[in-house]
Each structure stands twice: as structure tokens, then as C-alpha cells.
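Have a look at the structure that comes next, please.
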């Protein structure tokens, strides 16, 4: 069964008209691409992470993006200050727990962060979402053990955590459980993307493997989701549509890349093109959103 | 009335021959694009912002670029140290007060900076230039009030500060006044760019809206201006020509983008191409430099 | 005389199959491009430089890349911690002494680093390799003098240090001597690249001037070498082949760029494409690897 897309065909245009300001506290590796994605879909990015100004920047913004890709000394304090201000003012918060589980430091950083800041949306790959779930669950039941059944390798989706037809139900369960515990819309990305919010589940079948051949395709999705979250009161629906549009942009970029015999350099260009032109994609169809 | 371009047709080639070293203390979001613009027009970039080496790096350089896009703890000290060294040695300083007025922190950072460092060129959008003007004016008349008639939103040019045919005279006045107070050539960029220096005014009508669809088009212009400022003793004329060439590169890139049905990804590529090929642009005409 | 390439035609495919995780402690200017090169050739990059997690990240990795392009306060400590952990575990370390000699700070940073960390590969331009050699030599003979016969200008290869047919033997000597002192494979890049390891020398004649027209072509090579060093026990041979493939990718990208009348923006795209497609390049020939 498909979502009723008719109700959302105007959403990309709404993003452009609202021109939301997205305060991004993100990593230095992909910051430029995140900013360009926000611009390409109609938003306006502001990258600012100095402790002396983050609260004011968040206050000016329509959405706050927290991505812990390359944390530095002040990152936890800065994210807590900005996140609490966003919570206080009702500004949506997108949280990307990049590489949680790779090192104890990252896991603890996110644990401390979600004690103080309520995310509106959590976006991660299957490893990250499962690790975050086990991390917050352990906190809830006051378990002192530090054993994780789960150790991701690096920040990329690892083979063991590829979402397939066969194992999708266990991933849905994890995403849904995390949404119950955190009250956030959970966007778990992989070959199939899972969007979960309080027992509402959608599977997004758009996207292609070439998207993971460029760095930052996850971080860039964060920026895309932020612009959409800032532009719709129905966050679950907006995240679902946005994830599907983003995946479709990847598919279209891959077609163009293959037509010209290109590789990941060409893909990057065409992907940004597609995101920039994506206000027209929705009308053309191609979105594959399913119930589980 | 047009500037006598005949005197400056050799300038792009001069930049290539001089191959100036540009010391860039800039933000981490667009640093790569700034470096690539400097290379593309014939210069050589060095990005270095560690307190222990900035003075030496400035000393080796032909121009210093200060852009406060993503300040960190050491930014003010580092920029003052490098800027004072540049002033001492007569090395031109390009200052971009990114987002001044967005937060008190940024405004104060720039206020402290311009107390110690004399910029050769100030480059900003209309919001930034007007905010800097009101900031330094307040300092001059020792006004204790912190009221600003003017609060920019984020770091992008905001709607209220679009330069149009109707309101251009008030923006010219602001740019010119700032040039008198700071002794800098002021480059105010927008739909029309205003170059002002001690009652000399030029309007540059080159450029296109697509340039603001990629992040860092302002920061990249800073790098372009730095290479030109390092290569000509006539800074006002060099900044005028450089701003016009840069805008023309944008127009040409936009044409190529539209021809191939592309978006902001394609635009970025073609824009860098045009900057790289811009030593030939001047001869072909297309520069639109006017008196007010 | 050519290397027996037949033994290495499978190497690019081996890199893809091994999918090595590369822990990159690198500069913020070109970090994205480095990550994209690692992905493009079949590896997986992780950028992480927080003192609290670098050791764990290195432990998870197949190779460690240390590039001092934009050092910050914690850089030396972080690199020593990660580097010593890599040494302890037998994980290869690629060291790029960016801009050594430009400032005393950089020279001392590298001096302290190589006291504690044994690099597997040192990659730099002629200026950097010669400065590093004179720096470690001075340490060895406990010379107190700080005179350097050699002062590079910025981080780009300077004119005086262009490797030509006439002066190649002095550069070979420097690279070879440094390999003896450090026990590292030395990759000195320029118009001709010199690979030296304990009196084994190869000259790589691939590459083109356009590669130095984009920022980070050296940093990106570091990432490429890291993926290859992680995938072969024969490091000298792997570095030689990888340097040649990388140069050939540049040549191919330049051809495509010229065919479409492009500049450095197009070159960047095609170069990344070529690196991504480079598992096929080796079979097609075109590698120019020679004995001196």
C-alpha cells in the first residue's frame, strides 16, 4: 500500500517558499555539501558552532541540525546549549549520531546529549540506530554493563547491518522502539529506508548503492530532512516523502552518470543537480513508499 | 559611463604571472572552494590558522584574507596577529565580516578586529556592510546604545537588503561612508555590486541569482579579490574589474548549466571552469561596469 | 626498464575487495576530497581527530593517514597517540608533512612526530621531502644550527624544486636517504615522481600539470596511497603502482576536460571519475614506471 502522495505534492514547493534557515552544527568533512543541499532544496544554511553564539543562531533558525561526525572539545556543550534552546522554542531538531558505537567517546557523547535534548528526528544507518537504541535502553533500565551486542566498524553502513527483505522486520522493530523511547521520528537508512514513529511505519525503496560511493550522502540527507522538517507540521509524513525524494534524486543521478560513462565525480554533480531540481520530481512519480 | 577597460585587459594575465601567495584564514565550510578559486585564477593559496604560525605565514604571503564564517576560540587573536603583521609589512588585507549582526558575538569580534587591523578591502553583502558601518560609527561617536536598526537573518543576503534600482543610492552612501571611515575599498555585493572608495563609486551589473544558490560564492569572491589585490597597485580599479569578471563567470556558467538542463551541481562545476578560463573573458567583453 | 606490471594488475581489484578502513587525521580544507578518493578506489574513510577517541579509531582501521595541512592545538598529541597505536599494532602509517619548512612551527611539529611515530610511507613534494631530510639529519647529528638551506614558499611545489631531467639525481638521492633514515617508503611527487626505498628507486612519469591546478591533489594521493598500503604487503611496489595509476587518472581527466573545453571544475569531476573507474585502467596500459 502506498501513502497518499496527492496530499504532499506541494511540499517541495512549500520548502522553497518558506526558505527555512537551518542552523547546522555538523562535521567539517561534509559541511559544504550539507550547506549546498539545504540551498539546493530551497533552504538557507548557517554553519555556526562557537559556544558564544550558538544559542542566538538557533533562535534565529527554523530548524537545528546536530551531526557529530567530527566532534571537538566544545561539541557536547555546544550541542546541548543549541538543542535545549531549540526545544524551549519548539524548533525541530535533527540528530545524526554519526559513528555511535565505534568508540566509547561517541557513544557517551550521544548518551549525554539525548539526556538533555529531545530530537524531533533521528537519522542514522542501521548500525547507528541499533546502537543508539541499546544505549538509551541501557540508560532506562539503569544497567551498568557496558557490553554492546553490537560494534559498528567506522561510520559507514557495515555488511552485517544491511537491511534486506529477510531481516527487515527486526530493523523495523528497532527503529520503532527507538521512536517510542525518544519521541522522535526515526529515519533508518539503508538499501531500504525505514521511517518509524509510534507504530507508524513506512518503507522507502528509493535510492541506489552509488549514493554510498560519495562521502556525506547521509549528512546531506540530514540537511534535506531539516529543510523539510522546518516546512511541515506533519513531521512523520514530511520525513517519509523527503527520504523518498532524496533516494529518487540518487537514482536519477545514477542514470545520468551511467549514460555519460562517469564515476563518483559525475554522480556527485548530477545528484546535487537533481536535488536542486527536485521540486519537479514529485509530480513525475517514481517515489516508492510502502507499508511493511 | 564605462570604466576605461583598455587599461586593465592585462590584469587577469598579470595575476597568473605574479602567482601571488594568498594566506587564507577562513571558514571550514567553503575553504576548499576558496583555495580552488585562488588556484583557478592563477594564485597559490595557503590555509593556516594555528596561533603559533600565522604571523610567519602572513609574512611569506602577498595578501591576507580574513573571513569569520566559522569562528573558533582562537580566531580573534589569530586574525589580529596576522592582520597586524600584514599592516606592518604593507601586505593587503581582505576582510569579510560574514554574518556580522546575526549575533552579538560576531559583531563584537569584528569590532575588536577593526580596532587593531586596517583592512585594504572589505567585502560583504548589503546587510553586512550596513551593520559594519553602524557598528564602527557607534564606536566613533562613543555611543553606548546597542540598538541596531538592522538585524540580518543568517549569513545570506536577506530580502530587505536586496539592492534594486530604486534603493541603490542609500546603499552607495553606506558603502562610501564605510570606505571613508575604514580607508578600505568597500565591495558590497548583491544583484548590483557597489564598489566604493573615497567618493569613487562603480556599479557592477554582472552576475546572476544562481551564484547565491551555491554556498560560498561570497567567500570564493574574497579569494578572487585577494589574488587581484595582490597583483595591482590600483586596488579600487582592480576590485572593480575583478568583481565584474567574477560576475561574468557566473553568467557564463549559468548559460552552460541551462544548456545542459542542470542545477546547482552543474553550475558549481562550470563556475569554477569559467574562473579558471577567465584570463580570456576580459577580451571578449561582457563586463558591465557603470557609474551611478 | 619497466616494473613487471603483470604481478600487480590485480591490485586495484584487491583494494576494492579488501575495502580497507582508512583513519584520516587530515586538514579541513581537502578532507572531503580525501574521503571521496578513498571511497572512489574502494576503501572506507573515517575522519576522526578528537583526543578522546583517536586511539580506538586507529585500532579499528587498516591504515592511518597523518596530514598536517591545518594543524590545531591538539594535532601533535593526537597524531602521536594514533601513530604510536598504529606502530604497536603493525598498521601502516602514511605521513604527509604539508608545508614543512614554511614555518618553524610546522618543522618542529613534524620533528616531534617522527621522534615517536615510525611512518610506513612519507609523501611530499620535493621541497617538503628535502626539508624533512635536512630536519631529521640535523636531529641525528645533534646539530644545534637552525639554518636551512631551504625555505619553501607556502604549501605548493615551488619553481626551484621542480624535478626535471637534469636535476633528478639530486632528488633521488634525497628521497633515498630519507628512506634509509626513516625506514619509510618515500614518495616524492612532482613532474616526475620518485619512489624510493632502501636503494630501490622507481620514477613515475605519469601525471600532468593540471593536477596542481586543484587544491588537495597531494592530500588526495595520500588517501589513495593509504588504501593501497592497506591492501598489499609489498609497500614499495604498491606505492609505485598507486602513484602511477593516480597520475594516469589525472592524464585521462585532462583529456576529457580539454575535449569539453573545460577548466579546473571539470577536471576535478573527471579526475574523481577516473579514480573511481581506475580498477580498469591498469589493464589498458599507460603506466610509465621507469628505473632511473
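Each chain carries a letter (A, B and C) given by its place in the written order, and its residues are counted from 1.
As a convention for this text, a contact is a pair of C-beta atoms (placed from the backbone, for glycine too) under 8 Å apart; a residue touches a chain by one contact, two chains touch by 3 or more.
Note that the structure is predicted; figures quoted are calculated from it, not measured.
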Copies chain A and chain C - rotation angle from C-alpha fit, nearest 5 degrees
120
Could you label the chain A-chain B interface same or different, taking same to mean over half of its residue numbers are used by both chains?
different
State, to the nearest whole Å, the distance from the C-alpha centre of chain A to the C-alpha centre of chain B.
34
Where in chain A do residues touch at least two different other chains?
28, 32, 268-269
Chain C-touching residues of chain B, taken from the complex the two chains share
21, 28, 31-32, 35-36, 39-40, 44-50, 52-53, 56-57, 60-61, 74, 268-277
Looking at the complex, which residues from chain B come into contact with chain A?
27-30, 32-33, 69-73, 99, 102-106, 153-156, 212-216, 262-266, 268-269
